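Just so it is clear, A, B, C, D and E label the chains in written order, and each chain counts residues from 1 on its own.
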Amino acid sequence: MQALQIFLQNWIYLIGAMAIFGIGLYITLTNENIFKIIVGLDIIESGTNLFMTAIAWHPKAVMPIYTATNQLVVNGKVVSADPLPQSLVLTAIVIGLGTTALALTIAVKIFEKYGTLDVRKIKEAKR
Amino acid sequence: MRNDTPALVKRITALSLITILLIGFFLAFKEMPKGSAVNVNQRVSRLYVMKNVETATKMMENGKFFAKGIKPLRTDVPYTPITFGKSKNLEDGAANVVTSIVVDYRGFDTLGEVTVLFLAATGVAMLLFGKEKKRKNKTEPSLIMYVGTRISFAIIFLFGIYIFVHGHLTPGGGFPGGAVIASGILGLFLGKNGYKPNHLGLKVFESLSGMAFVIIGLTGLFSVHSFLANFLPTGVIGDLYSAGFIGLIYIAIGMKVGAELSAVVNSMIVDVEEEWS
Amino acid sequence: MNIFNNAALLIGVPLLFAFSIPLFGLISKELAKWVTLLTIGFNASFSFYILFAHKYPTMVVMGNWLPPFGENLYIGPVAAFLVFVISMIGLLIAIYNLWAIKKGDVIRFSVLFLMFTAGASGIVLTGDIFNLFIFMEITGISSYALAAFGPERRALGGAFKFLVVSSIGSTLYLMGVTLIYTQLGTLNIAEIAARINQTTPGLLTFAGILIISGLAVEAELFPFNGWVPDTYTGAINGVSASLSGIAAISAVYALFRIAMTVFGKSGGAYVSTYGKIDLMALIALLATATVIIGELSALSQKNVKKMLAYSSMAQMGLIAVGFSIGNKLGVYGGIFQLVNHSIAKSMLFLIVGVLVAVGVGENIDDFKGLWKRNPFLTLTFSIGAFSMLGFPLFGGFWSKFSIVAASVQRGGWYDFIIGLVLFASVVEAFYYLRIVAYMFASDVELPKVKTPITPAIPIFILAVSIVAIGIFPQIVGTFSAQAAGELTHKMSGYILHVIPSIAAH
Amino acid sequence: MIFLKLLEGIGVGLLSLTVGLLFMGLARKITARIQRRYGPPVLQNFIDVFKLFSKQSISHGFAFDLGLVAGVSALLAAVVFLPMGQINLFPHNSSLIMIIYLMTMAYLGMAMGVSSSGNPNATIGVARALTMMMGYELPFAAVIFSVYIFAKTGSLTNIVAAQGGGFLNWNMVRLPFGFLAAEIALQGMLGEKPFDMAIAPAEIASGPMVELGGKYLGFGMLQHAVGIYLETGIMVDLFLGGASNIWIFVTKQFELFFIALLINAVLPRFKIEDGVKFMWKVPLLLGVIQALIVVL
Amino acid sequence: MNSNIIWLVFTPLIGSAIAAILYRVKFLDRLVTFSTFAITLLLLFSVHVGQSYTFNLNFMGKIIPLSWNVTHLSIFMLYISVAFGTLLTFYSLMDKSRMKGFLLLLILAANNWIFTTNDMVGFFFAWELMGWASIVSVLGGRDENSSRHAALYYAMMSIAGSYSMFFGVFTLWKLTGSLSISTNVAYLSSIVGMHPWWVLGIVSLFFVTFMIKAGIFPFHTWVPMAYAYAPDTFTPFLSGVMSKYGIYGMLLFLPISLMEKGMPAAFGLPWVNYIFMWIGVTTAVVGTVLAFFQDDVKKLFAYSSFSNLGYIVAAISLFSSVGVTAGIYHAFNHLLFKGALFITLAAVISRTGTSKMSEMGGLWRKMPVTFFTFFIGIASAAGIPPFNGFGSKWLIYQAMIKQHLPFATVMLFLASTGAFMYLFKAFHSVFLGQRSARYDNVKEVPVVGQIVEYLLMFAMIFFGVQPGYILKPIGAIVSSMGLKPLPTMANGYVTGMFSNVYVPLISWSLAISFTVGFILFFISAKHKYVSQSDNYTAGQIPEEWNLTPETYQFSWKFYEPIEGIFAPFFRIKIDGFFRGLANWTAATSSAIKEIFVSNAQIYAFFAVAGLIIFVIAGWVA
């Protein structure tokens, strides 16, 4: 039990992140609907973000914000979660947002012009 | 793999590919420091948390930072204790370390991030550009909806401002704040059919706030000789008026993000006729 | 450590004006285009100043935090030269855009184009592995939007393909960066490069594979380049030109900065990488496959634009072959070819754009007898084609020359690779010469077409520069040689200029 | 000295003409006898030549004239280099290949002359002759080069000298396959049946000769006469060990010619492609065997 | 004063620039071309064997020595090529074809550079210059579509060749660090005993290039097209001079094979040489056989050129003193007679406007000077003494027999007989037989052309009768290659290994017998001239059969009977090999193109699959 707990503590977020990553990739690679593909891409990004957060965290970490009660440094050792990946995640989320917005716009335009959301049907008559 | 590959084949292939990829990941994870062994003290973040980068820089110039074999001893950087509400003149006065990294230590990233968002909004608007035909709401919202969104907009707006003003003290900052404001504006869209925000105002707001960010950066360049360098006093940790230019930048970012996301919502909600003639 | 913080203006000024272009746009659409032009012009002249008048290698420190703690821009020989090339080509395409972009949302197009160029410069300049990702996304998002711009619906299909593949690629890159961060706890390229051998080999290899795969999407290497033909064909010609002339430079730069500087082993006659497999060899294989597949696909195209797209792909492969040889001569050839390719290919796309606009068309049959209809465009197109196929006294010759020389110098299985590449070059020569022969056919009687003046200016300048490089290869050669020195000696070329104190040990 | 050589040369030319015409007359007589006819007198051909040269004739232009004159003259020019018994005018200049190429000039002249007449029968005849030439030159070349390698010399004089010392030293005995191949090739060279498709009178009205009349036909006959002399002479020098004097030489020539006549009298004509195919089967095989034997 | 070698290169370049400026005015263009050729010929008199000059090119900090070195071979080749070019350009003064003079001058510059340079960089550059200038020149033929096709084909072969040489140059440079040709050849000779395969590989890289340029057997397929569809006045240069660059290159590298210690021998030859000799023989035979059945007269002579180069290759591959002498001698002879033949063809085509033999005929009365030039040309080409083709063919046989190679010799002899056949076919179809009424108003070429034709006739007879003027310099070349030169006798002697030929004697003998013949002709009864259609038709008048001169002319399917014999060989098409390669490439191209006819998802699949392959590779490693 203890071993399982330690295992879960150590691995659960990484495993979860990878599972989300895999699910997103699967959706992207198998669904022909454009919107579903975009959703898949979004899920992949979520997986990546979770992965980055996970490597910043350890079971005994505290939040990286100085407050009156929250001690980030104990005996010269930092005990908080790693703030750097968190800030990177912040950036990555915004970038993902931008990509998604653009993708959705393109999808809307594609539906307008091709009249379909099936990726297989988005092609020109003459190759 | 072709355009007309059957779905089953695709699924099986995708599954096997993903399985192999995940196995690869897990094999790689086995070599990672595990769990509690995620040693922040050996990462560069330690210096950010301790607000100790300048000391490290001096050590580096003295040649003590990198040990033999170029192994950095980040643990060796001496530590000056920080007390909430008391410590002054820290190299970066923000209580929220993440914020201090986002805006100050790695502020350049954030500038890029703002640009990405700006570009995405621009791209969305560019692709959806055209002569306005009609709004997309099918049904007229009820009176409660109309009144409710208008009342809650003020509260949401205020909350958004609170979030990005306190970005350096609490979780949050310009991006969440801006998103909150944009959600308020989205409420306005929902509340009234044919709601038109002030396009010119949004555009000017967006541009000016973006320019404000760059101008703050350039001010740093011309006053402290480094782009995006803090040129304001850092104050006491935990005060609202602390952390130098972080607050200013977050205000700019918050306004910009709010305006941009509103513009995105506006663009997407409108049906247009293209002007390619 | 030589700090030149004012070079931050290379990024800052375009950003400032990008944010303000919507305001200028309120006054006039034309003004927006001119602001873009002038801003890129500023970048070009500033990088010209750095390249010729300022001492480099030098470094820009962001926010007064020295590397490896803060972010920095590193202006070595590579960056100084490539930024200049990117800005110059951006400037010329901006001139073309003055004429070409008349309809649609001109203002926002200008913003996107400006940031596209600035983002590409940022990729080349930056000294931080995560910042590289940001700039990749800046370039990426603006190029998705730019590629989707245009009256034709095929633009949207192409842009969507680009977006999907490229998003996956950037995710993979980010994963790789994260894996490296778990090991070394830093994001600075110089520090990672110095300490790369402190990581565990399995994880290092995996991270390297992820990063290379992610970057290979934009660098158009084989299994990652499915988007190339549709996107290039779909986009309007100015955008195709900038994709092949600007984005390609930065993508290849990023790929080999990571492979050679970050993962590379220092010392030894040829650069190889740490880890279980040699990433340089991996790239060489990909690149060879790319060359062959690209050239063979281009062979049977009837649409010139699509043909140019495939040719771009193949040329990127050739460039990557040059770099992946890993000695100074090979990298020299790679950079030289990079510059030649971006000059010639962007010129060819611009010419196709002009031809389509004046009503000639973009199919091979439309090119028949072009010499009689419009000698200027025919001549410039031929110059571009000859440079592409490595005709002596045109720019492309010197680079192909160096790449072949380098691979022969290296020997081993690179002899085999270069044999395949040369076979592919014969194919390439065939389809380019076929167009040239078509253009000079005299058995077609069609009305003459006029060349518009504005787009003729960049086309003329590009053509002249191809010939000039062909006759005086030193123009590019000196800089390429310096750049090759930087890329092949990661310690003395890069790390020590960024973090000099590493030298103490 | 030069005058002496000149006179000797003219003498050799006359000799070859005489012997050739004589052979032609004998040929007519012998063929007739084989066919149970009486046949013309042996000297009939001399009479014919004189008659033809005194008749008025029509010409098709200077190329026609030049061609026919060249046909005889080139062969006469070649004859002087042939060693025949004690008559050997230029012992250091008797390369066989040179003689063969000189003969080619005669063919060229003849072909040019008759073709310029514009009669397609003539041209067809020439084309057939040239095709047949390709047929027999291949085995003949194989034989020549075998002899060259065997004798280690390319000069007819030296080849003859190498065969000195009796019957057993003759190349006919030493190189039997080569001799057989050369015999068959000689049949083609002489244009005798079964290889006479070039002049097939019933099909193409005597082929090259169709437009010839008067002195032109006379030139044609003279060319044939010198041709017979030269070709049989080469064979004698190559295989029958030459001769010690001109009489023996002519006798040996006549022996070879007689065999050819006998074959001619009894065999029908090949089709042209069959002729070439035959030449490239049997004699070539023999020649190749001979060459292999010589080389190995 | 050694820098005058460089002027050999610069003078044509300057002339080319001037000519390019004047290019619109055809006559001025041609005039400048001719004068530049003439000036270059004069310049040649100041160049002597043994002169050398080195110019250190500073290329991006690296010193690249460009060196020139005049050897016996180079001066010989220079003289013959420039002299022939001068004649040709003089002829082209009055010509109407679309040959561009400045391109010819570029080729001249490359010509002088190739023949004098001693560094591989210069050699390569000159080679490229020559190749591309000639490719562009081919473009200006009468039939635009065909010439474009031909030029493209030629360009492909030539590019493949130059890449091969490129590769070879760099490999040698990597091995020795020197760019000098002589140094590298010496180096290769020194290691050939230790690493025969290495040397073979490197040398074959060069030889592929040379074989492509000379049009030797497996690489000959561009020859007929390019020769046939090139401008009529350019073809003589293409065939006469440009095919010899390949031979020159081979001669530069052949001395290596002298020292093969590690290689087994076949029939007294190193087996590589033996194979190469057979390649030459095959070339000769294949060219001959293909030439039989052509209807385009330029194509026929293109195959003839190809066949003759086979002779040269077969001869020089023996690398004996007779062989090399014979090869170089034949190269010279081929230049002369094939140049003369193509010039006369240019004259004929310019007057008749067609190159189809079945549409010509009976032109000899209208163009007598051209007719005689052509006659002497084919007599030379057939190797008839005393014209110039005889000596070299005779020497080639001598060389082959000396090596005890009867079969190869027989094949060459067959090729020679065949050559006589196709030459006569061309002769008959163009000049003899019935003349079509269309050509009743055809005139002889202008005086300029006639002068050139007279000069060529004179040259063909003179060098036939006095071979010593050529054999002496060739002797010097042969001895400079480390072989024993043939004994030189008086001018008229061709000295073989087995026997000698004294050509003046043959000439005298011919002269006397012709005199006798003509005396006989004139003293005999009179003759009268009749019209061309007045001939023996079994009592009928051709008009009654509705026969016109065109239908009465026999020039179609001239050698039909033997077509059946060669039919099995026609099924093996070398052309088909390259065409098949091209088709295969095109098919592969279409197949590969299919990769990119897909959707976003599939491309994502590709990317992930690529990643997976790497991951697996990472595990495996």
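Heads up, the rule we're going with is that contacts are C-beta pairs under 8 Å (C-beta built on N, C-alpha and C of every residue); 3 or more make two chains touch, one makes a residue touch a chain.
Since the model is a prediction, treat every value here as computed from it, not as a measurement.
Across A-E and D-E, the chain pair carrying more C-beta contacts is D-E.
Inter-chain centre distance (chain D to chain E, centres taken as mean C-alpha positions): 35 Å. Put simply, the C-alpha centre of chain A and that of chain B have 15 angstrom between them.
Separating the CA-averaged centres of chain B and chain E is a span of 74 Å.
Centroids of chain A and chain C (each the mean of its C-alpha atoms) stand 29 Å apart.
For chain A, the set of residues touching two or more other chains reads 25, 28-29, 32, 37, 55, 84, 88, 91, 95, 98-99, 102, 106, 109, 119-120, 122-123. Shown for chain B are the residues that touch two or more other chains, namely 3, 10, 13-14, 17-18, 21, 24-25, 27, 32, 38, 43-45, 48, 106, 109, 112-113, 116, 119-120, 123-124, 127. Among the residues of chain E, those touching two or more other chains are numbered 597-602, 604-606, 608-609, 611, 615, 618. Of all possible chain pairings, those that touch are A-B, A-C, A-E, B-C, B-E, C-E, D-E.
Interface of chain A with chain E (complex): residues 25, 28-29, 32, 37, 119-120, 122-123, 127. By the touch criterion stated above, chain C contacts chain E in their complex at residues 160-161, 163-165, 168-169, 172, 202, 205-206, 209-210, 212-213, 216-217, 222-224, 226-230, 275-277, 282, 286, 293, 296-301, 310, 389, 391-392, 401, 404-405, 408-409, 411, 418-419, 422, 425-427, 429-430, 433-434, 437, 440-443, 473-474, 477-478, 481. If you check the complex, the residues on chain B that touch chain A are 3-4, 7, 10-11, 13-15, 17-18, 21-22, 25-26, 29, 32, 34-38, 40-41, 43-46, 48-50, 75, 79, 81-82, 84-85, 95-99, 101-102, 106, 109-110, 112-113, 116-117, 119-121, 123-124, 127-128, 169-171, 173, 175, 237-238, 264, 267-268. Chain D meets chain E in the complex at residues 6, 9-10, 13, 53-61, 63, 65, 69-70, 72-74, 76-77, 80-81, 90, 92-95, 97-98, 101-102, 104-105, 107-108, 111-112, 115-121, 123-124, 126-128, 130-131, 133-134, 137-138, 141-142, 145-146, 148-149, 152-155, 158, 205, 210-211, 214-216, 218-219, 271-273, 276-277, 280, 287-288, 291, 294-295. Chain A makes touch with chain B in their complex at residues 6, 9-11, 14, 18, 21-22, 25-26, 29-30, 32, 55-61, 63-68, 70, 72-73, 76-78, 80-84, 86-88, 90-91, 93-95, 97-99, 101-102, 104-106, 108-109, 120, 123.
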